[in-house]
Amino acid sequence: MNFDSGLPIYIQIVEIIKTRIATGILKRGEKLPSVRDMATELKVNPNTIQRSYGELERENVVFTQRGMGTFVTEEESILEELKGNMAREKIISFMEDMERLGYNRDEIPAIIKETILEGK
Amino acid sequence: MFKYAKYELRGTMKFLMGAIILALGASTGIQLFIRREAGNTLRYLGGMPRESELIAFLVVALVFVLIGSIIGGMVYLISSYRRELYEDRGYLTFSLPLSGGQLLGSKLIVALFWGTVMGISIILYNLILAQMLIGYNLFGELWKIAAQIDNFGFLFAGSVITSLMESAVTLLLVYFAITVSRVSIKSRKIGSLWFILFIVLTSIVTYIQEFIAKQLPMYLDLSRMEMIGQKEAYIMGIESQFGGTLSIQGVVSIPGLLFQIVLIAGAFIATAYMLERKIDIV
Amino acid sequence: MDNIVEIKGLNKRYDRKEALRNIDLSIEKGKVVGILGPNGSGKTTLIKLLMGLLHPNTGEIRIDGQSPGVHTKSVISYLPDRNPLYSWMSVKDAIQMFQEFYQDFDEKKAEGLLQFMKLDRTMKVSNMSKGMKEKLNLALVLSRRAKVYILDEPIAGVDPVARDQILDAIIDNYKEDSAMIITTHLVRDMENIFDQVVFLGDGEIILSGEAERLREDRNMQIDGLYKEIFG
């Protein structure tokens, strides 16, 4: 897997896993692939996966049960917050892109509405 | 200890077995040819005594084929050693957890083994074939002659041991020369000058051996199992014979023998050391 | 935090070829270290010195506490950059040899890897393509439970499909108490598996460090860093 330049891989993997959780690929309480399986899937060093899982655990997005594996959190509130944060990041990124195209912030909601209506 | 010897044996098996089969085939051809020709000549000449006919057979067939094939086999085995030091296969051999001594020992044992097998199989085959072609009880005759010689057992054992030791010395000097050239000279072509080093070493060693045998006259006469001093050695005409170890009469120079043992040990240790500590596999 | 490999002040001179100057390097158990550099930078020389195939001019090498010799060879599993197997060998013969010489050889694992690589036991080395030989050698090397694995250019000259198989096998083989040293000039394909990277140029260590750290500090992937250093 080719990762984006700039960010350490473990952080990029954290994002990948968060996306999978937010989009429902990984459900609430579901067991994450083992470190080894994940490493093979993404073709990275298992230590890197370990680090990513550790980071996710620090953020309480996942929890580890000794001998059993790592699981997505059961707490709905955390999952909601995760979704919300990701959505916000996407919006901010979108707005920055729009601004680069020359639009200013006030113009953006109108364009969005327009695009949605067209889509119907 | 000789784990590696198995693999060396398997690696060299194809060529050596081929050489033996070739030699046996050639022997058969030569013997049959001579049989036919000699048969014709005999009829023309009015016949010759059986014994001389036999000797003619054996000498021609054996000498050509035996020496030729053993030299061929040894050249092959020596080049196999050389390849170990110069080619890709060295990556495997020198990555194995083997000491220099184990590696060298394996090569040596396998070379001696093949030399012996070749020699015995060709000689035996020729004797049996000759016996079959002429219908002469060769083995019976040889056995009678052997029984008449005093202490034939010791003489036989003595010759076997001394030939093995001579071969070991030669092989070790070859390995030593090849290894030294490899360590000191980077180029493979120039490294083939090991042969010159080998000749020089062999001459020196032979000279020293003769010198020692002369200076310390202590001999063992195998046919009588008795020690001989200088006077008697002179009378028997032995003194001039000690380039090798065993004189024609079956007398061994004890100091000469000891020297050989030391030489074998020394060459072995030196070569093994170089293999382990000095060789660069490029 | 054991250093299973320690190199101090290593120097190696050849008349014509790669020299190594003042190499200092320590490698811990459980780490995957990439030695990166263009051809001729000294990577293979360094590896051969670790293996005892070359002897240093000055400096010290310690593997599992010992200098290169019979013991270190028994604890290092080495994949050279060329095929070393004897041409008369079949796959079966090669397995037998490994089994005999290495206590840590795992026959079951070898079976599994051979199947994974689609290699037949009866095949002879002399009949194999370059890619197949590479896979066979790798299968043998990874079937050992060694303390140190050294892979010299494991994916160079190999087709993309085989490349993936090889990378999978390497990642799958990761062990916590072993170290892995991999040399390559194909950084892009391999950089994600390294804990540590060492940039070797003209016989000297130009830069070394934790891969993720370097990515963060330099704000680029290792591949980019490589191009910057050697471009």
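Here the chain labels run A, B and C in written order, and each chain numbers its own residues starting at 1.
Everything that follows uses one rule, which is that contacts are C-beta pairs under 8 Å (C-beta built on N, C-alpha and C of every residue); 3 or more make two chains touch, one makes a residue touch a chain.
Please read these numbers as outputs of a predicted model, since none were measured by experiment.
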Most distant chain from chain A by Cα centroid: B
With centres defined as CA means, the chain nearest the overall centre is C
In whole angstrom, what separates the CA-based centres of chain A and chain C? 35
Roughly how far is chain B from chain C, centre to centre by C-alpha average, rounded to an integer in Å? 44
Averaging only over C-alpha atoms, locate the centres of chain A and chain B and give their separation in whole Å. 77
Interface residues, chain C side, partner chain A - complex: 30-32, 167-168, 171-172, 174, 188, 192-195, 211-213, 215-216, 219-221, 224
Residue ranges of chain B touching chain C (in the complex, touch as defined): 3, 7, 10-11, 14, 88-99, 186, 276-282
Mind listing the chain A positions that touch chain C in their complex? 1-3, 5-10, 36, 39-40, 42-48, 51
Per the touch rule, the chain C residues reaching chain B in their complex are 15, 17, 48, 51-55, 69-71, 73-74, 78, 80, 82-86, 88, 93, 97, 100-102
